[in-house]
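Report on the structure given below.
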């Protein structure tokens, strides 16, 4: 498939990156059913690390096998597949060249003591991504954590090495910490801020949660009200997040969150699409359903992003 | 002995490893009386570090001599012998080539203050394993410790270096920490989670404790009950742990725990075998008995794993 | 334009720097409308990191686009443009060679817990400055923070590398910490001390806040009174800060602070000029106004520094 | 002097070390009046660091001069001389080749706050030992300290480098910490454990304190009683410590402790000898006496170790 | 000037140093009016860092200019000039070759929170000393600080690098910390101990404060009394400090302390001289006076050290 004008335009915004990195972004943007559309749907399978294996895979036990997820991403024509090192090592050879791979280089787990600052362990490095044939590394930031400056400095080191190696860098930017309320973690101002921080750190692709219309920080709230920033619909909120990503010049994708009904999910996808979001990272909502149902749902999501539904 | 179909099948799951590492896994899997069966029995002697020399060796004082354990592992036809650096240095030359060696690169001790987070000191490195002719490094993780992310990052560095050097990586994954109850340390959900974390970190072989049917984490408990996961017999629990190791694609072995009666021990071995576990790491139950008794018991264990008992 | 006597004199004070660094200082001092005058006006855009995107850019939404700030700095004939890595990456290619760039290598954010010591994350390095064609790195110090010695050691490493690479080093020296009162952060003695610390660390250009006539430290207050140091007007205070920068041998520029009325701002600029200050770093007061207003104001500021107003 | 059968036997236990390290152990074992006997008496002079200069040297002021101790060790025909870097630098050239030198690479001091975990500063490195012509490095561990795992990791790095450089490694293993009672620091079980830990870390020579018959740890006490381990005489306790050093395969020497009467000291030496200990590190008891007295006493100690007294 | 017998004798005590380092010590000892006498007077200008610029320079405002201090040291014929990196960079080229320079590589400041352990930031490195043409690095230790072991390890790294590069190492050893009383910071036993620690760390030149006859540590006090160590006059106390510097084999110089009357100062200098001290580091007492007064006073001090007064 020839590169589309849309993808060329997106790539043009990554003006300081080397050709190697642009080639990797192009591979993500040109792969699968959404190839060429400027939209991405990525399958992430790190829930086993975050929540444990049974909570992740028991609802659809085929998912205990790493090959299942490679196949699901390939058969659904997704844009890419993201997972921690062990998970990728277990299938990277069998499925080499069939789907763009993203190495999730840091991970948290729910056995960790609650008394600790939110943080993640860096469990793999750029050299691992290269030997496994990945197009990108993915890493999580927790803006608001007392360990966040350390996380940012780890992100800096990983991003510099990845860029030098011609890889792309994806940042999951999830605010949490002692001064952020539970509701604040998905507040409009906080999500927009978290997205902006990741762009300032030099991320190529940013993943945030779809924001609510709640406003967390008093100083920010004043400005949102004074400047009459539109945030009442999801599409408006997505548009504002994209604006905070260098006026739309960076790719922003959104998490699917916990398992939910199809209608709620599809509405969310439409909101992301209508607000100009670049797509979804969607895990539990797919691999926890039977394979046929998941493929059907991913086809529907693809169709929504392509404007067919 | 020619490589068996069983071993070839196991090796095929380590698809991203280099030939050097696969050769080391093959040496473990093809060595000793269980060679070719896909089962492993490994002798670990790090109890002197963990509990002190008298508690470890006074019951069978021949064990104070490092050569004793090399000989025991060789004469019993075990798959391998694992110990800290000083212990291996004291016999690696005399017994070179006679039994696969595993360098245990981190260790804890019971003089350490109880007020500290559970952790271990990294007491040797991959270069030591190479100069001593080892096939693998072994290291302990404490998921649930406030220091666990640091331990994981140490594990990452050690594993990367070991894999590049063509060695195998064995992780002891023992949950403990301020949010985990004593009973929870061997709970079904927690052991399965600990095993899964080690696989996600890229371990080739994982060692966990045989789980009980207790369920520790409320969120996990809901899923175990809702999905009706079978955990009432030891064999079922072992099978579930193996499932959590990439649907059985990773080698999982189980610790022998404290000294116990032979019948109890043999029943446990049968449970591990029947659940599809890959074997045992068994220390105190062997070297704390007189040599002849220990050899007899290890023969019985071997026979159970070979299905003869 | 030929180098002026004024600029030659300023450069002569950087006697231990290599020609590469002097060439970079010359580029800053000879660029734009103030070129050759010994004065600098620099546009900094790191407020999105410090306060979030909406608080920074919503008042003039064109500013969400990184290109806007490059263009503003170029069209206003400013001396340089300073921003974090992501912001510079988004325009360094398009505007290469049109305005001296300063890579702001560390940043704080207002999501960070208040319980932490004041600090910043180092988000980029000297190699980034080189690949983006920058003339200098910029970094913030918080004298008074419990983490300040660590910040100074980071500054040391960055400054050594920058100087070896022929770049200039700009330090933002902002006192804050548990033993410094709010009023003390802009106190005469504290600002002068903060400036002096940065010169002792080897900064080429120091940025501090315009001080008030408050005196914070009791021991210092005694000396200011005993020695009758003149600090009643802003010009006197600026002159004292310059004196504390090696008797004026280092370039010192001043921050513009929060949005304020034009008259107040122009009075401040005149005070800086009359006291011998080398110029301003002025962000929110410009990019939060409509472009034409901002250009007009920057022309006025330029004129004040050139003595035309 | 030709190497004795006794020394050859001792060296044979260091089977994994390179010839360089064995040559250094041989130099210690073949030097001085005890050369060839398998016994060692080493003069350590780090008390100035631990307790201050006046407490160390005022009783015999000649000891303020570093040359004094070199001469004392040489004239007494001791096996070696151990001291911190500054002390060795002050005499290594004058006395080059006359006595085996041991660089004590870490040190504590009694000005350090009591609130800190027991620890030592690493004040020199292996490269220093090489340039000063030393045969070994010496370092202290505090098993039981909350910083002990860090100390062990420092020890690992130092030991690896020393072994690669063909030097020997001596560990002073002194238990202390918040969970160890004062009496427990010299308890039988704790000293034996501390010795065993050092052997497991790969020390060639271990120095511990002569243990009392007190038992500190409840779990250990049960085993000592159940197994009827003989610990009522000093010789029995020394024999048990040696047993915990790989069944006697590692050289273990004992500290002389505070100044005491000659009879008490000689009795202790006889206990060490009769239990199979390899000798003494004896500092204050020698250099705090007038030189002639010290030489006489060291001759007596030598004679005891040689079985002449 | 030919090297004197006195200097040759002093150099002979640095027997393990390379010729490069001895040449640097010789340059210090042979420079200026005291050249060849074995005495040193060094001008240190780091008070701006420690106490702020106004407290340091307002009493004699010419001192704001870094060139002032170079000239003062040169015109007074002093042995050397010591300052932090920024201060030296500002004059090292103009005055190259006219006075031995000492780079003070770490610094504290009085804005730092009182709640922190006493410490200093390492603000420059050995490579800086080399590029600026220095003969030595200088660094401060705080024995008694909870961070002191870290400071010692930084000192180790800096000293190793400096010695390899043929530079000399000067340590300022200033006891302070939670277990040391205010009076104890200049107590006889504590100052002697601090001096001894620096010699054991391998310092070539040690700077301590002139001690009082107070005794801080109970254990030390017993020894001072039992051994009847003479400490009633300053000369006796200086002699004891020198004794604690390897029986006088290391160069020890003394700080001038706060501004004081000339008579008191000259008496102190005579005490240092009579006790065998090697000289003074004297800052505020000189540069805070008018230049002519300071030159006169420095001439007087020189004359005292030369025995003319």
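A, B, C, D and E are the chain letters, set down in written order, and residue numbers restart from 1 in every chain.
Rule of thumb we're sticking to: a contact is a pair of C-beta atoms (placed from the backbone, for glycine too) under 8 Å apart; a residue touches a chain by one contact, two chains touch by 3 or more.
As the structure is a prediction and not an experimental result, all values here were calculated from the model.
Chains that touch both chain A and chain E: C. Taking each chain's centre as the average of its CA atoms, chain B and chain C sit 58 Å apart. Centroids of chain C and chain E (each the mean of its C-alpha atoms) stand 36 Å apart. Among the residues of chain C, none is in touch with two or more other chains. Taken as a graph of touching chains, this assembly forms a single closed ring in which every chain touches exactly two others.
Taking chain A first and chain B second, the full cyclic order of the chains is A, B, D, E, C. Against chain C, the residues of chain E that register as touching in their complex are 46, 48-49, 51-55, 58-59, 61, 64-66, 84-94, 107, 109-116, 119-125, 127-128, 131-132.
Interface of chain D with chain B (complex): residues 13-17, 143-146, 148-150, 152-153, 156, 160, 175, 177-180, 189-190, 192-203, 217, 219-220, 223-224, 227, 229, 240, 243-244, 246-247, 249.
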